[in-house]
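The letters A, B, C, D, E and F name the chains in turn, as written, and every chain counts its residues from 1.
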Amino acid sequence: MTSTNLHMYVMMAPLLAAFAVNLLGRVSRAWIGPLSLGALTFSTIGALLTLLRVLHHGAYRYTVGNWQPPFGIELVIDPLSALMLLLVSGVALLATCSALKSVQNELPGREHLFFTLYMILVAGLLGLVLTGDAFNLYVLLEITSITTYGLIAMGSGRAALSSFNYIIMGSIGACFYLLGVGYLYILTGTLNMADIASILPGLNAPAAIATAFAFLLVGLWVKMALFPLHIWLPNAYSQAPTGAGVMIAPLMTKVTIYLMIRVMFSIFSPDYTFFAHAGVQAGIVWAASLAILCASGLALAQRNLRRMLTYILIAEVGYMVGGVWLANGTGMTGAMLHIVNDALMTLCLFLAAAAIIYRTGSLEFDRLHGLYRRMPLTMAAFTVGAFSMIGIPPTCGFFSKWYLLLGAVQAQHWEFVAALLASSLINAVLFFRLFELAYFKPAGEDVPSASQPCGDAPPLLLSPLVLTAVALLVVGLGTGPLIENVIRLALPPGFAP
Amino acid sequence: MKLLQERVKDRPAGENLIIRTAVRLMIPFIQLYGLYVIVHGHYSPGGGFQGGVVLGASFILLALAYDLRTSLRFMSERVNAVLGNVGVLIYTGTGLLCALLGGLFLDYSALDRILPLGPVEWRSLGIFVVEVGVGIAVMSIMTSLFWDLGSGGEMDEGL
Amino acid sequence: MTYQSSLLPLAAIGISLAAAVPIMLSGRKPNLREFWTLLAAVGKFVLVAAMLPSVLAGHGFVLTLAEVVPGVPIQLRVDAMGMYFALVASFLWICTSVYSIGYMRKLKEHDQTRYFAAFALAIAATIGVAFSANLLTLYLFYEMLSLATYPLVTHERNAEARFSGRKYLIYILGTSIGLVLPAMLITYALTGTLDFTVGGILAGQASPATLALLLVLFLLGFAKAAIMPMHGWLPAAMVAPTPVSSFLHGVAVVKVGVFSILRVIFFIFGPALLRELDYGTIITTLTSITILVASLIALTQDNLKRRLAYSTIGQLSYMVLGAGMLTAAGMTGGLLHIAMHAFGKITLFFCAGAIYVASHKKYISEMDGLGRRMPVTYGAFLLGALSIIGIPPLGGFISKWNLLLGAVEADQWVLLLVLLTSSLLNAAYFLPIVYRGFFAGPRDTGAGEVIQEAPLLCLIPLTLTALASVGLFFFPGVFLELVHAALFR
Amino acid sequence: MIWQLDLLILALVVVCAVAAINTRDLLGAVVIFGVYSFLMCLLWAEMGAVDVAFTEATVGAGISSVLFIAAIFRTTRRSKD
Amino acid sequence: MKAFAFLATLATGVALLYGTKDFAAWGDAASPASSHVSPVYIERAVEQTHVPNLVTAILGDYRGYDTMFETVVIYCAGLAVVCVLRRQKS
Amino acid sequence: MEQLLAEIVAKYNYWIYVVLMMIGFYAMIGKRNLVKKLLGMNIFQTAIILFYVSIGVKRGGSIPIVDKHAALSHGIDATQVINPLPHVLMLTAIVVSVSITGVALAILIRIYRQYGTLEEDEILEKIGR
């Protein structure tokens, strides 16, 4: 095992574990837990080592199959991708603990299938983070999509229909992306991102490049559910099996936003992205502001915890897209930081939702009464997550919001400032409404108390939740070093925060 | 006589001796062709994927002409699932082996350390190995896809 | 003032934060739980007091907790102004703890564990605000205080408490996220720092219009200072148990608001800048209106705690008004009023609580003749009221005298008029209570109902604070010294 | 490369695509789609993409159609548009 | 809905056609797509891999990473179908 | 005008691909029958494949399978062989396409089991009920 291949092992461990789970899991259920947790622990440690290595020795490139780029497929391991690697594997590890328990509960007898897809999804996300090849990105995007379709469709109720809608929208997104790649290929003759980036400035083909740019971005926007293109997300994420939602919700949109950053800066240059088309940059910030407001408003109308969280998720997508498109270093720093923070916050909230659903069987608002008394630790962690979403220091949500706001102030995009503040306030309303429900109404008014199991969720559900809540605080207080050591290096040149 | 009548009755509509016989005769050739496509992918159009599809098609044909149970007799569900895993594992395993042997991931020339045939030969061989893996996986998955879609997941009767 | 790195400020904050854990764990053993509370209270006071000599000698303490934003770490710093506030708050916490124990036990309140835990968190946040080295850190503790007090406000868990809780949050969180946060961001974007610097950081960094906007955002944004129109939460929050009202809504929370505003005025804008732009007028206008209107409303309130609440709103504006005068005496008076009002008002609230504990009466109109049965309580009430009205020989006189001086110094006769009128109004809404207590004939009190003094654990603190009010008139030394150090050194 | 043939196939492909999405009988639509795939595969073969054509012939016209038909047999042939 | 779909389709189509404006002529051997990376494949693939079918050579080796995931995609599809359709055995 | 005509003729493949793409896209978002949506998706994807294959074409080029010995002994003129890279990409795309179709069909079967219909509006009606 040489350290050159470390990131490959990080990515391959979940993939191989997936096959092992499929083969051994059908023999005995007992294999599933150790295999998946073991693989993900390995990945997390590996990702950590990769990150340290990148921080010490600088970014490096890796060519699969030892073919010189642009002939082979190139992987890029720079600070941002190493950070994402750690984030994805870490979040997946925590989510898996919870999923093991809730899947056992919801999908008895099909755990090995679930976890095979699940681990492949993790591998796909890890692969996405690493890749430096435009077409390889498409393939991996499809891997993550197809596993997600399957995982979501395993849910009950309207899951099948939601999954089908997701397939249609997801395919449109992927096809648009593929079209964009095609346009770039026809112009440059290569698929390697860095190579494309070096060729593009010398080309005289404004129409085709603009088209390619537009299609790549729209494709990714569909995948990440930016506001008007979000319609598939709330149903899909809230109908999915709990175990799947816990992992998909924090990671999918975040990784797609990371990909958008990749496309914007690794394929195109910041100059092209922001300044080549007058008004586009400002227009997108406006659109993101609108997205934040609308999604937050829609969240107010929800009466189910998980649906509410999905709308918040959509609003958060607006945060990050807007932040990147503010076109200054601070905004970008905020967006990148928010990728990390939002993944953790969403994970925390979805883990809490999973624990609640495990105990009470429902997430409708009128079933949440008296939860503070029944599940104090779960609710404490949930509260921390909610504070982070609202943006209360010293949870990490505050600091990324701080950078986003600061970027908006510097770029004089007051509409974005207003949207962010309004959405924070709406989040406060949303969560305090929940706290009130869970705090004031005594349990067992409408349900016989005998059927109400008391006490916190089992340790397998609770420990990742508490860990995530602690991580929210730790990451919040570690914002400075995180930005200084990692994110600052990931910004495109000329964009100091 | 009565026995014969019952037999005719039992037989689901649309089944036909000619088709069955023809299919029975064709299947070995189809499978042989599938294998050829996989193996000969280096020199002619085709490769693991196409060959795998052709191989899978042979089982589908069997399930179409007879019924699902018959095709399940030729290739049980369990074996099929294992084959699917094995196919993908061959590919990923090859890639990983290259990395473990000190080369880069999927760099087949690193396999030279097992048996010195020369890097270029190993590349050719590596491509062959992974194509076989793809073929096995695709065959298995295509068959399973049809089984499941054709029976609505019940795995009892086909179309 | 020189600063040396030290863990003391963190310890002073952390002791009650840490105490929350054993408090929660020992929920089933009330004695043990309250032992922890008292231990933390005394420990905190000792820690704060331990830093006092050094601060008086001009040597502060500093501790950087985390680097979060370039130029703006999460940093604790003990300077004279912070020391002054922390000293008041941590001393009064001891009194309140004792009082709480008596009050809660007598009333057999539910959820006492959560109550004491939240209280500990709240005081930690208060001291955190006092020791913040920059606006970001201050904001952090400010929010922490808002959230820690929410369970206290909604302690009763009935519809009214829930409604008040909502109102409280909407005002406090709404303003801090909606107004302070953008103001802070703009400040940071303009100057690149949020550090509390003597003389301010904003001078010459922005246009007068921007500065005016910032000032208004800060003034209204720190809604805990209850400057109208952001005062609505304070009367609503009076549904909380009386110790909460007395300590948090009489002292800690509201003064945190005032303290934050003063920090901004002195160390972000800087008196010189405000004087140059003549923006003191903005502050004085807003606060004058608040003082008069709040006093008038207080006159009409029959619920004792609500009357005290409106009185508090008026008195808080005194402090900001003093700072807004931008003269030496005015600023001294404003700052000093924090302590003087704290001792007076906490006495009044303690008395209100004692009356409730003893007689379950909330409305002033029901309290006729109570004073004769509860002479100690009513005596203390009188002292507290006199102090707040500003009559010598009580502490309130010193600060009010300085405020009046400041108004004269600033040549603001209108302000002088405002101060004098409001003092009259203060007397008008406080003295009748005492009068009714001692001289109004008792309406037919049933023979079976014998009203006695509240339990000893309630009486001791309120006597102590009342006497302290008197003592402060004669020995304001430490506080005066700290205020002078904060303002002029 | 014979451009007349090319154009003819392209025209047919478009016709088939339109027909496939407008046929109300789903089975018919799928069969037309099979034809469409086959024509596509011809087109590609003629463009020199033999491997793609081979794949499309086995997958698009073969497996895909069979899967569609299997699913339609399990569900319904009816379509309103 | 139909009108919206039609408009969206039209807009996409127009955008794509607008983009083709800058393309090199169809079938041009000197177009960038055919002159940057692919000639190297054509000229060196046989020498480097001993596989005369260039598509197989690229598929299996140069872009083998893609193909690996392609196999995983189809594996996932098979698995997903089983997940979705099979009812749990009681 | 003539130039425009020449332009159109020179790029007719692209035109056709755009038309196919539009047909498929329209079916995906405009049609209410779920199977039709799926057919649209397949048409969309074949359109993209057509586009990619068109990229690789070289006038007068031969198929990308070369003579091994000729290649090893005296090299190959790259302009005479069709660009194989788009073909490789499209093989992958076809596989992805069929995979997604398979999953989608399985989900369709489940939807049909659940609601007894494959028309979007009827399903929505049933859900609303």
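Please note the rule applied: contacts are C-beta pairs under 8 Å (C-beta built on N, C-alpha and C of every residue); 3 or more make two chains touch, one makes a residue touch a chain.
The shown structure was predicted, so the numbers you read here are calculated from the model rather than taken from an experiment.
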item	value
Pair joined by the larger number of C-beta contacts - A-E, B-D	A-E
Chain of greatest Cα-centre distance to subunit E	C
Whole-Å gap between the CA centroids of subunit A and subunit C	43
Distance between the centres, which are taken as Cα means, of subunit F and subunit B, whole angstrom	25
Separation of mean Cα positions, subunit B and subunit A [Å, integer]	36
Approximate Å spacing (C-alpha centroids) for the pair subunit A, subunit F	29
Shared interface positions of subunit B, touching two or more other chains	43-45, 47, 49, 85, 88, 92, 95, 105-106, 108, 145, 148-149, 152-153
Subunit F, residues touching no fewer than two other chains	12-13, 19, 21, 25-26, 29, 54-57, 59, 61, 64-65, 68, 85-87, 89, 91-92, 95-96, 98-100, 102-103, 105-110
Subunit D: positions in contact with at least two other chains	50-51, 55, 59, 63, 67, 70-71, 74
Complex contacts: residues of subunit B adjacent to subunit A	81-82, 85, 88-89, 92, 95-96, 99-100, 102-110
Contact set on subunit F toward subunit D in their complex	12-13, 16, 19-20, 23-24, 26-27, 31-33, 35-36, 38-40, 42-43, 46, 49-50, 53-54, 56-57, 59-65, 82, 86-87, 90-91, 94-95, 98, 101-102, 105-106, 108-109, 112, 117-119
Subunit F contact footprint on subunit B (complex, rising order)	43-45, 49, 145, 148-149, 152-153
Complex contact set, residues of subunit A against subunit F	135, 139, 142, 145-146, 149-150, 153, 158, 160-161, 163-164, 167-168, 171-172, 175, 178-179, 182, 185-186, 191
Subunit E residues touching subunit A - in the complex, by the definition given at the top	15-16, 18-24, 31-38, 40-41, 61-66, 69-70, 72-73, 75-77, 79-84, 86, 88-89
